[in-house]
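Listed after this line are the structures, all set down as structure tokens.
Shared between the two complexes below is chain A, which has chain B as its partner in the first and chain C in the second.
Let's look at the complex of A and B:
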């Protein structure tokens, strides 16, 4: 039951958003955003919620996937583009993982952020050296097709996050979160588990980035590697709660709809209102939406 | 168990209802949508674009409204959102404006990235929009377009004209510092070959990130090489950084270009006499007698906002609205007719007559301005110049 409902939740939420306005581009746009943030937040939780290694640099995986996809999309079939977009950040994670995961706590947070910024500037340099001045994407699939790809990724990420949490692998990651040194002493292969978690956590964001670039129809490194993506993921985890698989779903839906409602109704003030709402959330609902539901359902 | 879903649905329904009620109440005016960078790295430039929109609205409404074929006039109303300087948001905003807010017309967002991201959206919905604060040779790939560039500051002709201007003024060596944003890089890519052809030596060629906070090391190198001309391919935010630090270091070149930024009124206020001699990109000046509509615009703008219009962004923004207004008077609000009217028409603007070939305004000459005694003077090309180029005398 607890395994099924997150999936049912995603499907219902997206249907709820898209169905009444079938074919409406604006509703499709919102559903796309919600699915995108679910996929990103779930992926992030595979590393950060399980191990407690808080990544503030997930934009790097999103950006790498987006960049690879933009380079390929005019020349390769779309499923192949998506596959490479998912694999590229996984390979990147595998390469940088071991050194990066040696540091902990706040140092890890800063390092992930710094790494993402580094890659952003490197890609900017590459692009200007290639004589590219922002790339227009002419062969992107339709917004509806992109939406269904994104829903697929949201479901896959949720399944993945659920599987991680309910496996020996997840138990090992939880042991790292609780006391890494003790876990290592007891024979948990911490370095390997952390690396696998990072790779798992990097894959889907790459594919998400690819879809996001296709949706925008334009690529520019500053936007593809926008640190705001990383911040938003962490914010959503905060709003939703990180104690279960449904936390990121609730966070993504709650935050995306809230910011949409504020953005469209208070165009001049919405950043201020959003900021105030987030502060309120941190102060009064520290356990996240998921925690509130647990209490109401008597399941705390 | 289903609570969160029904909650989400409820929130959305409420949101939709709110939005649609808004639309019904405002059925009478002609609604024009745009997004603008109120926050983010382009925010410094937004007022020079949004102010002309507001001034235009004032003037149109004061004259009874926007004229449709047959002489009917309807008031205009703007619907605008902040795109946070992010092209992905621009795309979503225009989709919303078109499909949800169902605006009658569109005005342009600020900046080349936003225009480029919008081109496919406009194409998809077959919604014409007269662009303003953007230019790129890339848009020529989209044909036939629903977007047009009002500016003649297209990077390829800019490169040629800049090299010609440098040569005409006896400059033999340059340093190029380029923002990594697309427009600056595109200009650089056309500038370098043009310089080579003109026999001008490039002593420094460096690029820097759009959110740069310090340019000292680059400028120290420039100072060491002492080129005749320093060509800083800036955006508004880093134009302030560049000028401040070049002044501190006492860069002594007689020719200093800062690509975008110096034509904003605040720039001259910030640097006072230090801004004198700076060359920048624009093809219009409020000082020009050649365009009578220009003086009227200049005066009305100063009267309303207490500062001068940006000779580049405010001017092209105003031109885009003049073009839209004249096209609507001829073709009405039907999008295909409007597209036809914009593509084929000749328009009276503050910068003289404008006609489009493809996406490009081919009538307005590509030019450069220079700040002289706190005024924006057109110094290039000679045919439309309001003053002669004067070498920069210190800061």
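Let's look at the complex of A and C:
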């Protein structure tokens, strides 16, 4: 039960961060970004931090959710749009999951990246065949409403990631990460658990993608499926630390704020810093910010 | 009562015949030893029984049910668990967490308070209770071999297949391992199939021994009979 307290604190902190910014457009924008990256990095961690199957293609779920939402938003009530935007990438994950999850290590990384690029180009083709070069969104909810949705997703993803880690399901996923052959010898249904983790990991990013499209007000496939989204998720999660649900939160907050600081003045510098931080953390701080905090706490 | 029955298993890897028409049966509570030089097919036989390798022909029955074609996880849940000659600790998890996975997902698929009790029991049985919070990767080889056994026990397996759990251990550790295995059998009535290069240990533990050579059975009998068998002596000592 005591383990729930940090989560309650996180949820309250998020709400606290978001609440006063109702009227301030700039602050609303930053809060939206922070919540978005927390939701994405937590979702990614449900598959990749637990099983060690590192996805470099989560932009595909984000993009599918965004695409579906843009096609629906003028015709359906918004909660229905969000529901379908979350379910569509889950269905996609269920369909591609079994063959994709048969390969491990670097092959899985490359395959997820390749698959995301494939879908991006297919959607670009479809859109240009339809004569559409970007779609404007006219019936998006207000920025404040979008922020509340996004904060809800960030909290849901955090609670979900926490629940996965502390469940029997999570114990099975950790066993897969450590030694898949040993895991199946001990009765862990590896193929089924990996597929469920992929589906769980794909759902919220779809809804996040929908909100992001609503926020920008238009949809352009090259941007909705931008691989930089995948890269950023992985970087944030690794820099934050993959050992706890705190990690993705720390990474997402750190990078979202860093991007705000650099983006306006030195936009080129942001991607350089992102890359340098990833290299630095992987080489020197593999346990991430969360691990550093643990060690500090242990010493104090 | 026959627990495990292996019927006419043949396994080919390309042109190589790893197992040629091997049959055996193991009764409940029995310890069957498998003997044979490197490449005789002992580990392949384990892999076929545990579902890691599909036999080219033949079938495996456990309590009268056909196992052939089932996944390793399904076979584990039926009540068979193997250990690995080259140990496979989940290095980044603690000793207790390793065993917990087996308790949660094995043949008994325990829930709630039963899980912790099973973990403690399995660790105590192999003498790892003091190291439950150590990372599995930090254990000595002897400790990791014990962990393999503890995990197999925690699944609730009725039949445990041990692949060279003595290899690489020093004489003191071998004596301790022999004690552990004897008491497991005495106290729990478990059934074992054992592959072992430490012949003395195999002779001590086994009720029956089956000798494989180039994938074929060349002898089977009590340890005394095997000790007197001229063909076995020739294969082993030339």
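What we mean here is this: the second predicted complex is superposed on the first by the 253 of 300 C-alpha atoms of A that agree within 3 Å, B and C clash if a C-alpha of one lies under 4 Å from a C-alpha of the other, contacts with A are read in each partner's own complex, and residues count from 1 in each chain.
The criterion applied here is as follows: a residue touches a chain if its C-beta (ideal position, glycine included) is under 8 Å from a C-beta of that chain, and two chains touch if they have at least 3 such contacts.
All figures in this text were calculated on a predicted structure; none of them were measured in a lab.
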Inset, instruction - Quick one: classify A:30 as touching chain B (first), chain C (second), both or neither. - result: first
Inset, instruction - Check whether A:168 is in contact with chain B, with chain C, with both or with neither, and answer first, second, both or neither. - result: second
Inset, instruction - Look at A:186 in the shared chain and tell me whether it touches chain B only, chain C only, both, or neither; answer first, second, both or neither. - result: second
Inset, instruction - In the overlay, work out which of chain B or chain C sits against more residues of chain A. - result: B
Inset, instruction - Check the residue A:144 against both partner chains and state whether it touches chain B (first), chain C (second), both, or neither. - result: neither
Inset, instruction - Considering only the touch criterion stated at the top, classify A:294 as touching first (chain B), second (chain C), both, or neither. - result: neither
Inset, instruction - Please name which positions on chain A make contact with chain C in the complex. - result: 168, 171-172, 174-175, 177-179, 181-191
Legend entry - Partner chain B, residues of chain A touching it in the complex: 5, 9, 12-13, 16-17, 20-21, 24-26, 29-30, 33, 121, 124-125, 127-128, 131, 133-134, 136-138, 140, 212, 215-218, 220, 222-223, 226, 228, 250, 253-254, 257, 260-261, 263-265, 267-268, 270-271, 289, 293
Legend entry - chain B residues touching chain A - in the complex, by the definition given at the top: 1-6, 8-9, 11-16, 18-19, 38-39, 80-82, 86-88, 91-92, 95-96, 98-100, 112-113, 116-117, 119-121, 136, 138, 141-142, 178, 180-183, 185-186, 189, 207, 209-210
Inset, instruction - Show which residues of chain C lie in contact with chain A when the two form their complex. - result: 50, 52, 71-73, 76-77, 81-82, 84, 88-93, 97, 100-102, 104-107, 109, 111, 151, 155
